[in-house]
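Letters A, B, C and D mark the chains as written, and numbering starts fresh at 1 in each.
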Amino acid sequence: MPFLKTSGITKSFGPVKVLHGIDFTAEAGSVVALLGENGAGKSTFVKILAGDHDADGGEILIGGRRSRFGSVAGARAAGIRLISQEIADAGTMTVAENVVLGAWPRRLGVVSRKETHRRAAESLARLRAEIPLNRPVSRLRLGERQIVEIARALAGESRCLLFDEPTAALSDVEAGRLFELIAGLREAGVAIVYITHRLDEVFRIADRACVLRDGRISLDRPVAEVTTADLVEAMVGRAVAARRFVEPAGEHAQRAEAVLTLHEASGDNFAGVSLPAVPGTVVGLYGKIGSGVSEVAETLFGMRGLAAGELRLDGRAVRLRTPADAIRHGIGFLPPDRQGQAVLPGRSVAENLAAPSWRRLAGRGGLMTRARESRAYRRWHDALSVRSRDDPDQRIGTLSGGNQQKVLLARWLECGSRVLVLAEPTRGVDVGARQEIYQAIRRLAADGTAVVVASSDYEDIVAVADQAAVMVRGRVVAVLDGADVTIDRLTESAGGALSVR
Amino acid sequence: ATLAACGGGGEEPGTTTAGGGGARTSAPPPVAPAGVAKFEDAAPGSGDGLTIGFTQLNLSVGFPQDVQRSVEEQARKAGAKLITCDSKADAAVALDCAKQFKTQGVKGLITFQADANAAPRICEAGPPVPVLAVDIEQKPCQTTFVGAANEYAGQLVGYNVGLYFAQQNDCEYDAFVSLESKAVGQVNELRMGGIRKGFESVCGAVRNLRTLDTGPGGLSEPAQRLMTDTLTALPGAKHVIVVGINEDVIIGALAAARVQNRTDDLYLGVQNLNPKNCVIYTAPHWLGSVAYFPEKYGQLLVPNLIKAMKGEKLPAELLVPHEFVTKETVKQHYPAYAC
Amino acid sequence: MSDSPVSDSAVTPGPHAVAAGGPPATPEPSAGRLPALAKIPNSAALVVFLILEIVFFAANSPYFLNWDNATNILTAISITGVLAAGATLLLVSGQFDLSVGSGVGFVGLLLVELQPHLGTAQAVLVAVAGGVAIGLLNGFLVNVLGINALITTLGTLAIFRGLTLAVGEGQNIAVNGFDWAIARPFLDLPVPALVFVAVAVVFALIMSFTVYGREMYAIGANSNAARLVGIRVKRNLFLAFVISGLCMALAGLLNTSLIGSSSGTTGTGLELAAVTAVILGGTSLQGGTGGVFGTIIGLLIVGVLSNGLTLMNVDSSWQQVATGSLLILAVAFDRLRASLLSGLR
Amino acid sequence: MSDSPVSDSAVTPGPHAVAAGGPPATPEPSAGRLPALAKIPNSAALVVFLILEIVFFAANSPYFLNWDNATNILTAISITGVLAAGATLLLVSGQFDLSVGSGVGFVGLLLVELQPHLGTAQAVLVAVAGGVAIGLLNGFLVNVLGINALITTLGTLAIFRGLTLAVGEGQNIAVNGFDWAIARPFLDLPVPALVFVAVAVVFALIMSFTVYGREMYAIGANSNAARLVGIRVKRNLFLAFVISGLCMALAGLLNTSLIGSSSGTTGTGLELAAVTAVILGGTSLQGGTGGVFGTIIGLLIVGVLSNGLTLMNVDSSWQQVATGSLLILAVAFDRLRASLLSGLR
């Protein structure tokens, strides 16, 4: 008997029906990959399983017994744990406490600090993560927070783990460790549901693949019987494949002068880095998480100062004191942490998109109308295939993660920056949309924008970069050009081939 | 000594030189201003068909509450309709009250409102009807001022306290603690300044004055806290004069002394007298309280307002007969007193 | 560089195929399909509540429903209203200003103290400068020194109340020849009501239609993200505190002119009245939502209640009980609407 | 490809080439390198500030530094302190309770009104029940009906103040045979001070060492996360409001016994005093941080100041100015420490 079985689960948000009757099973000791486009309803479905949302109809059977949670506590009591897509941790509390959050070890009714630390250390050790136990999680980087979230799900008795895009913010090494852990859990008889947009991961860890499309299951087969193409087809209803969007270098790129250059720059977590952003080209900055890639990106945007070296704008040394400075100089930045650094929650999609362009959109009168924002939104809604109600007033929080990412990218497209620094531009974006984003990046370059893509996902680099710098522990260790920008060369330079992706 | 002071002519009080500290037991008692009125019940039926508007000072304090109940009772007796509005010691609210009375077409007003300088605007906003001002002047529209002679009442307290010290202790004392309420503004100044004036007329300039602000209207808890600290700063002091703007602050001061076991050291001169506040009257050195008789204000206000509404001319002032009441005399004024 | 599919890896369809590919895979309906109900603004429930209140008082007091009384209500809320407009702007960006009440007192004091010596125009200038100075001080402490706005403005609340009391010695001081606020230039509405309406309109426009207004919402929603889209967070907040200072100045002048005097306690408690109206009007303490329209409704709900109960001759203690209950009821009513609609959004 | 910075393609954009190499960067400090300074708890700056204050007053008043005066200070902060303990618990979970001041008045009124009829023990029971009832009401409105805590407790603040005034008719009502709070059973400390110390210890223990306490921090840090790990957010918050009600009851009994009477205005403004101490002590309005220790320091900073200035016979208006300035100064001092340390963490 499967550990968990659902039949006919339906769910609507207002007039929008998101799930149209989901029949799904998760067996103990097996990994099901749950796939689907952005907005397909994956997160909604696992949230229902975890008791976070209440389904409108259908039933959930746990071990054959009917249960209707509607409360997180109920689902947890049944041994179900969700590692949610958006990080949900207690920022002011320590790593150790976050790992045992909600399940504090107690002796005589008193929380035992020693035991808390022991359990936290144990859980983190299973992920082979080295994170200081006493640090408040708000001071960790995103990936580390994600690991703490996973460690929390491991602490205590769990019989079913629901992973919602756990690797989106993880480095390859960390992802590798997670996969080992998942394999171990599977051996131990845990039922695992795994949501991802990285199809290679499916073949690496999953036993079964299940695809959601338009709120229905469009494919449910053992992984051994399917190919990537099958999955993609089931997800988007047509064939899409990874490809390189870069032409051999054209005249344009060769002649252009760099607009923004890092010259022998050292700063937080990096040293001696030189990097040009040239109109018409896309420079990739590849490095595993923690390699200093994001610090370099942040430096380009004025979020960090330089300890040595300089930042040149149009050949002249400049000091960017704030992001506002950078924007004034025509630099745009898509930050890696969507919730923390980019989204304006509670505000409409149109406002979220128009934010850095407000002054321009307002024009000389200084008056900012909703209509202008809506027009800006409509310009990009279709271009980036944002899957939403197509209502500029919709709150951004009600969009799926991947679609939020598209709106945030569009924010900088609308802004029309000369230099665009994109950190992890496809984090959480589905296969189809990924290609759309790559295309948009190339189109942007073709229009003369200088683009820097700072990413820990080599697919981003391979797809769009004319030239790529590889960083390891704060230093640029390799520069690849043109046809050399391949998966193998990137991973090799970054410190050993990884077969993961 | 029985020190009731009602009449008596003589020179202006408080004008004596505030010099050394010598006792002047011969100093004349303060003179009651002219216009002291008699309390009388409203004639039944006299107010039939009349509507009276009453702007209150602040109903979260006992004194106005007593006034209100007395006015309500008298209005009932007279058969007049009474509409009340609590200004909560805020001139802006009093202004709103006046406007609402105008809207409701009242035919006579009783205004108990703290800000004398705001009175012109409040008068202007209200209906053009007879106005009785309670305790605080409401120029230019007041028909008659009714109520306390605040400064005189203060002087009575100060004079009698001074007299006590002159007779018992040759005007020797350790400190003069004045529990005030700055928030009440003018009335605070009149009452507490009056006390000082009266005291100085007997014992000369006040020494070691400690002014403590006890919050809006004078509250027990701040008085208690501040008095605790003040007593600490007066170690070993055996003669601490404590005068307060109302009974609440005296209760607070007594609570502070009680905790430090120094109730004996406080010599109390109190504004207002409510026979229920036994803590004060059973204190070892309650020198006396000046009575305002708020529970009888209605007997001045209602009958006279009705007269004015009917076109009778009233005197410019109808003053409450203040009395300095002591243990010996209290039963005369308050037969129900049982402390 | 064009979109042409030159590539070095296995490429199936061209990029155009991706962009144009297939029918849009959207389970979502178009905007038109949203029921009208869901489009009702957030403050609708409060408006309904206000109307119920008005109906109730109209039925219970013959004096309630007339123009005179309406002007009374408007005038009564006008001073709190001017402050509440500034408070709304601050609160949508996640900030507070509790010093407004003592600011009003301080401005009033400056005016009444200086007017006899400097003349009206100059005294007004200094008084306005006083209000702005409080705003500048708050802005400086919060944005430059980085002190929490609550502590800062609790601090300046105490400081300026203390100064007002110390300098004015607790006295009521009258002002002469400063009675512009009691004029009724238009529709029989007194100046304060007109000023309030004007201020409300200006703030509503600023908050809805200027970049600055948008930026304040963004800051309230996520100040970190706001910084990263180039918004000068501190500068904007600084300005908002100064604007709040201007509101104090305006409210202080209105109040002094309306009352004809000022004292040490003038303005006490206005900060709470203003914040109450703002929150009642639906602006959240966390920032990022709300607006001046809601605040006006909030002001009216409280103002109408207090007016109506006084007309009904309800004792002030019971008025307090009623006001407290109504505050809760109004928000409960709004919650009810929200939960009824939650299925629709 | 090696680490060589030589580009082998024609695309090399000259001097702007992406360059590799340079000295190896060793930016990450090891955990062991964190200086001891960074281990200082957050409240350290406030403690230093408090010490400076004590030194100042010790130098300026001969009466300041003695045990008697210390007991005065402790007694003076004890009633606010009991309320502040409850407020700390609520605030770490991101909630407020502004009704505590009128709760104290209401409890006091129940006691003094009922004691002559029911006897002391029964009256105390009813009074405590009254405080708990306020807590239950607040908890119900906030957690079951989902009304914002600020509005709810502003509402109950008004309701219970109004009830207290209406029932007590604004009179100061004395209570006899209820003077346990003036005893000094231990170390010459009066009962309120001892009660406050006990309450503070209990709250510190609850907040640091019980599951409930940790859950409250988690709720304040991120209530959504707390819910997702199975914490019964509403139940916990409900309980905290009830605890706050118990604190009102205790503070009300202490106050009545200490003063020997109760009146309609008893407890006015205590809510603000309590919240000020909590915030000054470093508990953030957003929740998730802070604690009772900080609150005690906050209470002492304000309490010592008021005591010291009174001993120095400073006029109360100037006391207000000094208190406001000190509040700001204390937090500025703490910010200074934070920014000095930020480089070290």
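Operating definition for what follows: contacts are C-beta pairs under 8 Å (C-beta built on N, C-alpha and C of every residue); 3 or more make two chains touch, one makes a residue touch a chain.
Computed from a prediction, not measured in an experiment: that's the story for all the values here.
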Original post:
Which chain pair is joined by more contacting C-beta pairs, A-C or B-C?
Top reply: A-C
Original post:
How far is the middle of chain B from the middle of chain D, if each middle is the mean of its Cα atoms, in Å?
Top reply: 39
Subject >> Centroid spacing, where centroids are CA-atom means, of chain C and chain D in whole angstrom >> reply: 28
Original post:
For chain C, what residues touch not just one other chain but two or more?
Top reply: 165, 170, 264, 315-317, 319
Original post:
Listing for chain B: what residues touch at least two other chains?
Top reply: 59-60, 182, 213
Subject >> Multi-partner residues of chain A (each touching 2 or more other chains) >> reply: 253, 483
**OP:** Take each protein chain as a node, join two nodes whenever their chains touch, and name the resulting shape: line, ring, star, complete or other.
**Re:** other
**OP:** Please give all chain pairs that are in touch with each other.
**Re:** A-C, A-D, B-C, B-D, C-D
Original post:
Along chain B, where are the residues that touch chain C in the complex?
Top reply: 56, 59-60, 82-86, 88-92, 95-97, 99-100, 102-105, 114-118, 120-121, 124-125, 182-186, 188-189, 213, 216
**OP:** Please name which positions on chain D make contact with chain B in the complex.
**Re:** 61, 63, 68-69, 72, 75-76, 79, 161, 165, 169-174, 179, 182, 190, 255, 258-261, 263-269, 306-307, 310-311, 313, 315-317
Original post:
In their shared complex, at which residues does chain C touch chain A?
Top reply: 1-13, 15, 17-19, 21-22, 24-31, 33-35, 38, 209-211, 213-215, 217-218, 221-222, 224-232, 288-289, 343-345
Original post:
Where on chain A does chain C make contact in their complex?
Top reply: 12-18, 37, 39, 41, 213-215, 236-248, 250, 252-253, 280, 301, 303, 322-324, 326-328, 333, 335, 340-347, 351, 355-356, 358-359, 362, 366-369, 385, 387-391, 398, 411, 432, 435-436, 439, 442-443, 445-446, 462, 483, 486
Subject >> chain A residues within the chain D interface of the complex >> reply: 50, 52, 72-73, 76, 82, 84, 88-93, 97, 101-104, 106, 109-111, 132, 139, 152, 249, 253-254, 256-258, 261, 264, 266, 268-276, 278, 281, 283, 292, 466-467, 469, 473-484, 489, 492-493
